[in-house]
Every structure is written in C-alpha cells, then in structure tokens.
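Across the two complexes that follow, chain A remains constant while its partner is chain B and subsequently chain C.
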Partner chain A sequence: MFSILIYTALLVSSLGIFMLLSKKHILSILIGIELFLNGINLFFITVSKSYSNDAADIFILFILVITACEVAIGLAIFLVNQRINKTIDINDLNKLKDF
Partner chain B sequence: MIMNVLTFLLPEIILVILSFALLANSIVNYKRKIMANKTMILVGIIASGFFILKTPEGFYLNSTFENTSSTKIIKLLLIFGSLLSLSLISNSKTDQLKKYLDEYSFLLIVSLVGGMLVVSSREFFGLIISVELLSIPLYLISGMGLDPSKSIEAATKLFFFGTLSTVFLIFSAVLFYSLSGSTYFVDINWALDDYIIILASIFLLATISFKCALYPFHFWVSDTYEAAPINMLPFLSTIPKISIIAFLLFFFDGLVAELLNKKIIFIVGFLSVISIFFGSLLVIKQNNLLRLLAYSGIPHAGIMLIGIIVPSSISLDFIILYFTFYIFANVGLYVCLNCLPTVIENFNLDKLNGLYERNPFLALSISCFLLSLAGAPLFGGFWGKFNIALISYKAYGVFLPSAILLSVLISFYYYLKIIRAIFNHKQFNQVENIDFSMINKIIITICVFITIILGINPAILQILT
Partner chain C sequence: MVEILLVIFCILTISSAFTTCMSSKIIRSAFFFGSTLFLIAFIFILIGSPLLGTVQILLYTGGTLILFLFAIILTRNWDYEDLGETFHRPIRALSVSFLFFISMSFFLFESEIFIELEKNFTIGPSSSIENISFSLFNDWFLILELSSILLLATIVGCLVLLKFREEID
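== the complex of A and B ==
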C-alpha cells in the first residue's frame, strides 16, 4: 500500500511537470502547477504515515489555502492580460526582450 | 501567554494595523488624503522600528519564530529601507500613482511584514506562509507600471516563476520532513550521508535563486525591472533579496558552523560562483539602464551567498555591513533615477547624456552610489566586498576571493559606462524639467551620507548592536 501511494504521488507530480512544460495555454500551465503541487501533497501524507505525528494534515490544509489565494491572484492577472494584450498563448508574451 | 506573544510580535502587528488603516483611507474621499497617507506611513513605520528595539529575545509561537539581536538589526534595516522607498511613492509625480497611492502603500507594507517574518522563521510552516506574504503583493505591484501591456506581461511571467518556486519550496519542506519527521529547522540532521538531504537542499536553493534572482533562475528579473513602476524599484531590488538571504544565513547556521556536510556547502559555493561569473557577463551586453541595473544585482546576491557559507563568528557582522551598504546605495540610486523625466520607451544610457551640466548634485549622487555598488575605496561597497573576500580566503583558499575580484573588475566596466554617459559634454536631450522636490533631496542626502560614512569608518555599524 505504501509503495502504491508513493508511485501514485510520483505519477501525479510528473504529469503536472509534463503539462507545465508542454502546454502553451496559460490556464493549462496553471493547472499543471496545481497538479504538481497535489502530487507533492499526496507524497507528504504518505510519508507522514510512517511517523506517528499529524503535522501533515494541518500542513496540507494550509498549503491548499495558500494555493487558492495564489490562484485567485493569478486568474486576476490573466484576466487583465487577456483584456489588454488579447492573448492567452504564452508564446505571444514577447514584448519584453533583452535585445 | 497571549500577552507574551504580543510583546514579541508587536512590530509586525503595528505594520498590519497600519496597512489596513491605509486601505480604509483609500475608500473615503476628502481633501487632505495624501497628507493623511504620508503621516500614517511615517508614524506607523517609526513606531514599529521603535518597538523592534524593545522586543525581548527568544523563541515564540511554539518555537516557530525567533528573535535574536541579529534578526533585530536586519529587521531595522528592512524597515528603514522601506520607509525611504515608501516616502518616494507618496511623492510620486505620475497621476496613476497618485490615484492608487493607498493601495500601493498597503501592498508594500504587507510585503514588508512578510519579509520581517521570513527573517525570524525557524520552521517550514511559518517559512512558507511568510514567503508567500512577501511575494504575492509583488506580483500585483509589478503589473501596475506605466505601459500596461508591458507591465502585465511582466506580472504574468513573475507570477508563473514565483508560483513554481513556491512549489519547489514545499517539495523541499516535504523532503526534509521525510528525513526527520519534524518541520523544525533544528531537527534537521545535516551530517546524514544521504542523497535525499542533498536533493532537498537543491530544491530549497532553487527557490532561493528564484526569489533573489541568482544565475540559473534570473530570467524574470530584467523584464520585471523594466516594466514595473520605477517608484517600486527601491523596494523590489532590496527587501525580498535581503530578507531571503538573511533567512538562509540562519537556516544554514548549524551546517556551516561545524562543516557537517561538505557536499551541500560545495553546491552553495558553486551556485554563488556561477551567479557571480555569468551575472557579470550578462550585464556587459546591456544598453538599457534598468535592465543593466537589474542584472547587476545577480553578482551582488552571489557575493552575499559566499558570505553565508563561511564558518566564522565574524561573518554575520560582515554580511550585515554588506546589507546596509546595498540597501542605501540601491534606494538612493533609484530615487535619483526617479527624479529624471519620465521615460516610457527604452531607458537607454544616452538618455543620461549631459546630466552633470544640467544638475550637478544629482549627477554626483548617482556617481557616488554607482561607485559604492562597484566597490571603489572610500565608499561603503569597498568594505562590504573586501571583508567577504578576506574571510572566504581564510576559510576556503584563493578560489572564491578571485571570483569576487573578477566580478569587481567587470562591475567597474559597466558602472563606469553609466558614469561616462552622465559626465558627457553633450546636450541633455530631454525638454522636461527634472523633478527635484524637497523630500527627494532629503532621501538622497541621507543615502549619500550613510554610503560615505560607511566607507570612511565601517565600524560605525556597531552602534546598532
């Protein structure tokens, strides 16, 4: 059971990383980051089973709340970006360059 | 019990109350609104700085946070730096900044509270929440620049990299937890010969590199500096960087003092050397002033990182000296740049041509700050860089000091390039007047004074302790 949970956590995290790197749509990248984070959360719960303390339960609640706040701010930024730049493709964000 | 915690947290609580008072001030509309804003910021921040001196030392909130004499000094520096940058904001000239003055101040003060908590956090819970508190307002602020399409692009980039770095931080916390079964920093067993502890340290250092713009993760810094409102740059360039590096100083305390794990120390040293080297190379090619200054922060962060891994009781004092000169030189420099006429398109170096004949005081102050950042003798920067090179030579031999020396050589090239443009005999090619109000003069004079005093006698910093 322990190893199944660890492998599931790794699978979810790597799916998130794959999505983060391959997608071009802004929201898909955000979902990729969230998936990565939730894989880490699952890993955390699994690890905390082997220690007999319940730090992980509280920790994960905090992490979820923090990410919710962060996503709210991110969506606000994307909305303004869509209104001003008229794009949701990450490749079109190329106004600022070194040269 | 609650009163006990209150005495420890009083400076932060005052700042939180101040930020909400500013938010309330933004709702109502009356004649002397800007005046009320300035007064509140001044009184609140000075009161908070006063109570930092009065707070007792020790652990609080279940040992999650700790106050020591050195965290007090770093917090005082952070507060003083933000006071100078906030008084710059309340004196801004663009209409957009005047309209949203209270919101800007609210966000910056919340970010300052996050920075102060990062410095004293001793546990991963507290650390993650404080880092978020420090960085989330900065995403919003960087999207409020003069050119909306550029600044919202910069905010989007900063948001993605910031969120990703938070995920890395959480992952490293989980890995450290999986080794010791505890989220406190003191329970980490550094002497463990295991690859997981190295992996956890690498993820932590990745987060640090994102937040301080160290070399492999530096790409957001130039875009954000170019597009963010120039009034925010004194804050953006100093407070996050210094609070995160000060946190790392206390985090690696147990590891470095007895050289428990040589591999991790090697990784930190490697990170700082490549930041110094590639950061210096990146600056050489730049012609845009703001991008140049943004990239020039990378070698500085690298040098601060070298100061962290030196196992010496005196290294703390030297790093605090480095922080002091870095804060005052940067704040003064950006205040000077803010006095110049507004530039929305590329802020190239030739926009500074002939500044000396137009306004000698401004030109001399800018040169003073730039020479201090480069590390010329008689300015604070010299002692900062010299001391860190000296202690790193005593601990690890000749390699690290030669990297610092190389960065100083290259930095003289690019900082003197700016000074050459200032003292050029060409006509100052902008018709607008230089906005040189009283409060800007006061801030610049304070910063020049401190930079030169630190250069003449760096031991003066001991007054703080």
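== the complex of A and C ==
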C-alpha cells in the first residue's frame, strides 16, 4: 500500500511538472503548480504515517496557505495581463514591463 | 476494505490528473483539477488525517477552484481551439517530467530508509486534531502568525494589482 501511495504522489507531481512546462495558458500553468504541490503533500503525509508524528500535517497546512496565496497573486497577474495585452499566452507576459 | 478503497482512489486520482493535463478547454481542465483535489482529500481521510482532508475540501478545493472559475468566467472568450495549440515544446516537458519520475522512484526504492518506512507504515489515526492544534499553537505559533501576515500581504498585493488594471483601463 505504501508503494502505491508513493507512486501516486510521484505520478501526480510528474503530471504537474509536465503541465507547468508544456502549457501556454497561464491558468493551466497555475493548475500544474497546484498538481505538483498536491503530489508533494500526498508524499509527505504517506511518509509521516511511518514516523507517527504531527509535523507533516502542520507542514501541509502551511503549504496549503502558501499555495492559496500564490494562486491569488497568479490570477491577479493573469487578469492584468489579459486586459492589457489581450492574450492568455505565457510568452507575452514580459510585455507587462512596458506599462 | 480500506486498502481496496485506497487503490481505487489512487487510480481515479491519477486518471483525473492525467485528464487535467490533456484537456484543451480550460474549464474542463479546472473541473478535473477539482475532482483530483477531492480524491486526494479522500485519500488523506482514508489514511488517517481527517483534519487535513476536511481543510483540503472546505478551504483549498473550495477557495482555489472558485478563484479559477472566476478567472475563467472573466476571460471566457480566451481559449485555445484544439489540444495541439495548448502545448509549447511538449517533448521537452515530457522528458523533464519523466526524468523526475524515474530519478525519484530510483532513489526512493533503492534506499534503505524506504524499506524501513514501508515496514513501519500503518493506516490509522496517528495524529489527532487535539495534538495538531496543541502543537500549532505552541511549537508552531510564530510560523502560524507569519503565514497570516503572508495572507494579508497577498490580499493587499491583489488589490494593488487590480487597482493598477483599472488605471490602465
């Protein structure tokens, strides 16, 4: 069972990395980062069940907080980029520096 | 029984995450992402962390998914037509993610710590809500306060960004 959970965590993280590196849509990239962090959370919690301590639960709570912050800021940048540059493409994000 | 349920949830999680990657429409991708988060929360509950599962469903899945849906609604005219257009150098991304998976699997399954961890792994309630809240407000109190300041800074940052957008408009 331990191996299955670890493989699931690694696969979800790998799919997150694939999405993060391959997609052009900014929202898809944010979803990729979320997938990656969720895989890491699953990995943490699986390993913590072997050590029987609460540290992993608290780490995951903080990861959830930081991820929520990152999504909020990312979506705000996405909306600004979409209104100014009229595009959803990540490659045009550097045009924001002109404004 | 719990182990069979865990295997089913693991398979569903992987397939849901895969569909999230492979959807050309962002709205479908967001919904499959939501289902992935739900399934991971169920896994948390099944392996004995009900608090984390509940936080994941109520705060994380609810909050993050609503944010994504609002962003999609506000930009609904912007989407790619087919799957091929959504990707940028997919072979490079596939090779990097495959390398990550293979290297992590190799180092984990070859290490002696992993065998020890696998022996000690038990499904069950090892961390109660009482223990978590006690350590959160004693040992981890400073970090909890710092993360609340981080959340406040995020709110201010988002407001500044959106104010900037209004000035441009």
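Here is the rule we use: the second predicted complex is superposed on the first by the 92 of 99 C-alpha atoms of A that agree within 3 Å, B and C clash if a C-alpha of one lies under 4 Å from a C-alpha of the other, contacts with A are read in each partner's own complex, and residues count from 1 in each chain.
Keep in mind that, in the parts below, contacts are C-beta pairs under 8 Å (C-beta built on N, C-alpha and C of every residue); 3 or more make two chains touch, one makes a residue touch a chain.
The structure displayed is predicted, hence computed values, not measured ones.
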Which superposed partner A:Ile84 touches (first chain B, second chain C, both, neither): both
Contacts of A:Leu37 with chain B and chain C, given as first, second, both or neither: first
Which superposed partner A:Lys49 touches (first chain B, second chain C, both, neither): second
Contacts of A:Ser28 with chain B and chain C, given as first, second, both or neither: second
When both partners are placed on the shared chain, which of chain B and chain C touches more of chain A: C
Which superposed partner A:Ala68 touches (first chain B, second chain C, both, neither): second
Partner chain in contact with A:Leu11 - chain B first, chain C second, else both or neither: second
Overlapping contact positions on chain A, where the chain C interface meets the chain B interface: 20, 30, 47-48, 51, 53, 58, 62, 66, 69, 73, 77-78, 80, 84, 99
Of chain B, residues touching chain A in the complex: 124-125, 128-129, 132, 136, 139-140, 143, 148-150, 152-157, 159-160, 163-164, 166-167, 170-171, 174, 177-178, 181-183, 222-223, 226-227, 285-286, 291
Residues of chain A touching chain B in the complex: 20, 26, 29-30, 33, 36-37, 40, 43-44, 47-48, 51, 53, 55-56, 58-59, 62-63, 66, 69-70, 73-74, 77-78, 80-81, 84-85, 93, 95-96, 98-99
For the chain A and chain C complex, residues of the former touching the latter: 1-8, 10-25, 27-28, 30-32, 34-35, 38, 41-42, 45-54, 57-58, 60-62, 64-69, 71-73, 75-80, 82-84, 87-88, 90-91, 99
Parts of chain C lying in touch with chain A, wherever the complex brings them together: 3, 6-7, 10, 13-14, 17-18, 20-21, 26, 29-30, 33, 36-37, 40, 43-44, 47-49, 51-52, 55-56, 59-60, 63-64, 67-68, 70-72, 74-75, 78-80, 85-90, 92-94, 96-98, 100-101, 104-105, 108-109, 116-118, 120-123, 126-127, 131-132, 135-136, 140, 143, 147, 150-151, 153-155, 157-158, 161-162, 164-165, 168-169
